[in-house]
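Sending over a structure as C-alpha cells; questions will come in a sec.
The letters A, B, C and D name the chains in turn, as written, and every chain counts its residues from 1.
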Amino acid sequence: MATRVSHNAYGKHRVRISKVRRPRQAPPNAERHELVEVAVDVELQGDFEAAFTHGDNRQVIATDTCKNTLYVLAKDHPIDSVESFGRAVAEHFLGRYAHVEQVDVRLVEQVWDRLAGSDHSFVAAQKMTPTAAVTHRRGESPAVVGGLERLTIAKTTESGFVDFHRDEFRTLADTTDRILATEMTAAWRYSAAEADYAAARESIVAALLERFTDHYSHSVQETLYLMAGAALAACADIGQITLTMPNKHHLLANLAPFDRENENEVFVVTDEPFGYITATVDRE
Amino acid sequence: MATRVSHNAYGKHRVRISKVRRPRQAPPNAERHELVEVAVDVELQGDFEAAFTHGDNRQVIATDTCKNTLYVLAKDHPIDSVESFGRAVAEHFLGRYAHVEQVDVRLVEQVWDRLAGSDHSFVAAQKMTPTAAVTHRRGESPAVVGGLERLTIAKTTESGFVDFHRDEFRTLADTTDRILATEMTAAWRYSAAEADYAAARESIVAALLERFTDHYSHSVQETLYLMAGAALAACADIGQITLTMPNKHHLLANLAPFDRENENEVFVVTDEPFGYITATVDRE
Amino acid sequence: MATRVSHNAYGKHRVRISKVRRPRQAPPNAERHELVEVAVDVELQGDFEAAFTHGDNRQVIATDTCKNTLYVLAKDHPIDSVESFGRAVAEHFLGRYAHVEQVDVRLVEQVWDRLAGSDHSFVAAQKMTPTAAVTHRRGESPAVVGGLERLTIAKTTESGFVDFHRDEFRTLADTTDRILATEMTAAWRYSAAEADYAAARESIVAALLERFTDHYSHSVQETLYLMAGAALAACADIGQITLTMPNKHHLLANLAPFDRENENEVFVVTDEPFGYITATVDRE
Amino acid sequence: MATRVSHNAYGKHRVRISKVRRPRQAPPNAERHELVEVAVDVELQGDFEAAFTHGDNRQVIATDTCKNTLYVLAKDHPIDSVESFGRAVAEHFLGRYAHVEQVDVRLVEQVWDRLAGSDHSFVAAQKMTPTAAVTHRRGESPAVVGGLERLTIAKTTESGFVDFHRDEFRTLADTTDRILATEMTAAWRYSAAEADYAAARESIVAALLERFTDHYSHSVQETLYLMAGAALAACADIGQITLTMPNKHHLLANLAPFDRENENEVFVVTDEPFGYITATVDRE
C-alpha cells in the first residue's frame, strides 16, 4: 500500500523561560530589575520527510537543540514583547537553517507585577494572559498575531436576551436583566510590517474593556461585535480581530420553594455546559 | 470606521450526557445494561450576522435550545458510536433549521467498562479517550473524522536517536537505547460515505499498537509514519490519518556522582518542555 | 467479622454561588453593584451512623438539601467576608438540626475587581485567592481560620542559600544570588471571638508582602519565619499562622556551551519536582 | 513580639521516577522488561528550627539532596510496591541523619500495563491510581497506609435514596432507581508489621469492587460501609480503612417538555456541586 506524508511539523513545546532584566543604571536605581516570563512553542516545517519515511535523521534539528536555542535567544534578546521575541525566534531558525521553510512560534506570557516600593520583588498577575503567534514562511513577511487569554469579565446588569428563535426545543425564557460573564480570548492580526506591540496591546485592551462596559447588551454576539470594532478603531496597526466569548453562565437560583424572592441577587455559577460564541471582524 | 464580520460561529460546548441502554431481553439477560457517556460540542454557522451587527436575535437558536436538543437526540439515538451520534446531531440541525449552513460537532467519549460478572456495574476506563468530529455543510456529504486522545504508550528499549543535525546549539548526544514515551492523539478521516465506525476504530487501534511494538525506532518521526501506515492498511474506509506524538521525556538520571552506574534503569520523568511531532499521512 | 464506624462526615462540596449586592442608594450611585463569588464546602458530623450501618436515612439531611440551604443563606447574608459567611453557615446547621454535632465549612473566594468607571462591570482578579475555614462544634465557640491560596511572588535577588548540610548525596552548590519564587498558601487562626475579618486580611497580606521584600533571604525557611512574624505583629486578633511556601524553582540556564555568560539573567522555569517548606508560628 | 515555631516540615515533592526492571533471564525471556513509575513526596521533621529562626542552614539537608537521594534509592530498590519503596525511603533518612526525627513519604503510582505480546512496550493504565503513605518516627514502627485514587465506578440501577430527612429546605424527591457514580479514594492502614503489600492490594480492590456490585444500595453511606467491611474481611493485615466516595451526580434529564418519557435512560452528567461522603471503618 502506497502512502505519502501530506503534512508534517515538529518542534519543542512549553519551553518556559524567565529573564531578569538588570539595567545597570546610575543610582538611585542602580539595579532596578524587571522580570519577564514566557512559555514558548516552536515548530518547524521544511525538508524533514526522510526522517519519517527512511529513518534518516540528518536534517532533523533535535527538539533538544531547539530548546537550547530558545535559551540562547532569550539571553540575546530583550524580550520587550512576546510578539518581538516570537519574530526573533522565527527569524533565527529561517536564517540559520536553509532547509527550514516555515517556523511557527506561539508564546504565552506570565506577567509579573512589581511589588510596591521594591526594586526586585514581584507578584504574578493572572487577570489576563498575553499571547502571541508568529508564522514566518521563507520569502514572505512574518504574520504576527497578538492576543490574550483568560480575561474573565462580567456585567451584573445592562444585559438581556430576548426575541430569539422560537421552536419546539426552546425552553429558555426571555430576560431583560441577567449577568453576562465570559472568559474571553482575543487574537488581533497586524497589518503593519512593524508596530509598537506593547503600545498596541495596551490600547486594544483598554478599548475592549471600555466597550464591554458602556452599552446595554442584547446578546453576547452584539457585545462581541462592538468590542471588536472598538479594538480596530483604537489601533490602526491591526486589520482583523477574532474574539471568542464563552458564556460562563450565572443562573438565577430558584428560591421560590423557600419563600424568598430572588431579585437578581443570588446565582448558581457553572462551568459546563457553556455557550460558545466566536467571530472574526475585519476592517473594511 | 467600517467593519465586517468575516467569520462567525456559535453553539453549546461540553454538553455531557450519559445514557443507559436498557435492552429488554429474554431472561437470563432481562436487564443487561450498557452505559455510554459523551461530552458534545455543537457549533452552527449560517444566517446569524444580524445578531452581531444589529442586536437582532430572531434567527438565533439559543445555545440553551441546542443543549435541550442534544438531550432529546440522546433519547432518540442509540449512541452506538460517537461518529454516528455526531452525524445524527449534524443532520438534525441542518434538517430542522433552513437558515443553518454548516454544523460542526465534536464528541469526546468517556468509556465505561463492565465490572466482571455484573449486569449494571461499570468502571471508567481512561487509557484512551475516543473522539469524533463531524463537519456537515448543507448540500454536501458529512466529513467524518474518528480519533482518540490520551493514549499514553512507552517502549523501554528498541528505540534510539542518532546522526541528527549537528550545529553549534546541539548538546544532546546520540543514543541507541532510550525510553520512547508519548501521549498520542490520532484523527482518521473516513473516505467511505458509510462505515462501521466501531469496527473501524477497533482495527485501527489494534494496528497502531502492534506497529508501535514491532520495530526498532530510529526516531519518533519514523515510528509515527509506520504507525500511520499500519492504520491505513488495517482499515480500507479511511483515506488519511493524522498522528500527534509529543515526546514525553524519560531522561536518564545521572547517578555517577553517587558511585552508581545507571544501566538504563532509572529515569527522570518530565512533562515539559516536550518534543512535539505531528504528521498527516494519506493513502495514495 | 465485627466492624465499627470510627469516623464519618458528609456534605456538599463545590457549591458555587455568586451574589450581586444591589444597594439602593440615592443618586448618583442609585445602583452601584458589587459582585461576590464563593465556592463552599459544607460537611456535617453527628447522629448519622444508622445510614451507614442499617441503610436508615431518616437522619440524613440530603446533600441536595445542604445545597439548597447554602443558596438561601446567600440570599439572607451580605457575604461581606468569607469568614463571616462561613460562620453563618455553621451556625445555621447547628441551630436548625439538633442531631448535628459538628459543622465544617470551607470557602474559596473568586475576587471580582470593579472595571474603572463602571457601576456594574467587573474583572476576575486572580493574583491571590482568599479562603476561610470554620469548624463549629456544638457547645463550643467556632474556630475561624482565614487564609489565602495562589499568591505567587518572586525576588530576583537578595536571596541566597549557603552552608547547608554536606553529605555524599549533595550536589547543589552554594549560591549567594538566586531567584526565590513561591506560590504561597497561608492560614491564620483567630484568637478573638469576633474580628473585622476583612480589615484583618488586609493588614496581614500587606505585612506578608512587605516582609517578603525587605530583607536578604538566607533560605525559604528564614523568609517564611519572618513573614509569619510580621503577620502576627500586624494583626492582634490572630494567634497563629501557617505558611506553606513551595519553592518554584527558576534554575540558571547553562549557556556556557554556547559561549555566553549567564549573569543571573536567563532561567529555566520548572513546576516539578519542587521544594516544599511549611511552618506554623505561634504568638507566645 | 515573641513568636515560636510550633511545627515545621520540609522536603521535596513530585519527584517523578520511572524504573525499568531488566531481569537478565535465560532465553526466551532474556530481556523481559517491567516498567514502574512513581511520584514521591518526602518530608522531614527534626532539628531544623535554627534555619527558620536564625538563618542557620547547617542542619538543612537541601531539598535538592533529597531529590538526589530518591533517584539513588530507586536504583538500589526493586520498587516492587509503593508501600515497600516508601518504607525504604523513610528508613534511609532516619538511618543516615541523626537529627531527623520523623519522615513522611507519600507515593502515587502510574501503572503501566504490558502491551499484548511485547517484552518492552507498555500502555499507561489510569482506571485506578495506587497510592501509599508511610510515616516513620524515630524509635517507632513505621505506619504504613496503602490506598488508591481515581477509581471511578457506577451502578446504573440497584440504587435508591428514600425516606431521608424532611424539612423546609428539602426539594429532592425520593427515588428507588438512580445512577450511583463515584470517584473513590481509599486508604487502608496496616496493622501487621510486615505484609505482602501487592497481594493485599489485589485482594482489597477485588473485595471493594465485588461488594459495590452485589447489593441494592439504600445510600452512598450504606454502600461505603459494606465495601469497607468487605475490604477488612478480605485482608487480615489491615485494621482500618477510610473510603471517600464523592457522589458524581448523573441527573435525570427532563424530557417532558419535548414529549418524551425518560425511562431512566438519559442523564445530565455534572462535576459540581457534588455530594461528599467519607467514613473510617475499624476492625473491632
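Keep this in mind: a residue touches a chain if its C-beta (ideal position, glycine included) is under 8 Å from a C-beta of that chain, and two chains touch if they have at least 3 such contacts.
The chain lineup, named per UniProt: A, B, C, D = Uricase.
Being a predicted model, the structure only gives us computed values, none of them experimental.
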| item | value |
| --- | --- |
| Chain located farthest away, centre of subunit B as origin (C-alpha) | C |
| Winner on C-beta contact pairs when B-C is weighed against B-D | B-D |
| For subunit C paired with subunit D, centre-to-centre distance based on mean C-alpha positions, whole Å | 24 |
| Separation of subunit B from subunit C, taking each centre as the mean of its C-alpha atoms, in whole Å | 37 |
| Centre-of-Cα separation between subunit D and subunit B, whole angstrom | 29 |
| In subunit C, residues with contacts to at least two other chains | 16, 68, 72, 169, 171, 257-258, 271-272 |
| Touch-based graph of the chains, sorted into line, ring, star, complete or other | complete |
| In the complex, subunit B residues that touch subunit C | 168-169, 171, 257-258, 271-272 |
| Interface residues, subunit D side, partner subunit B - complex | 16-22, 31, 33, 35, 37, 39, 68, 71-72, 74-76, 112-113, 115-118, 120-127, 151-158, 179, 209, 212-213, 250, 253, 255, 257-258, 260, 262-270 |
| Of all residues in subunit D, those that touch subunit C in their complex | 1-16, 41, 43, 48, 51-55, 57-65, 67-69, 72, 96-97, 161-165, 167, 169-172, 218-219, 221-222, 224-225, 228-229, 232-233, 240, 242, 246-247, 271-284 |
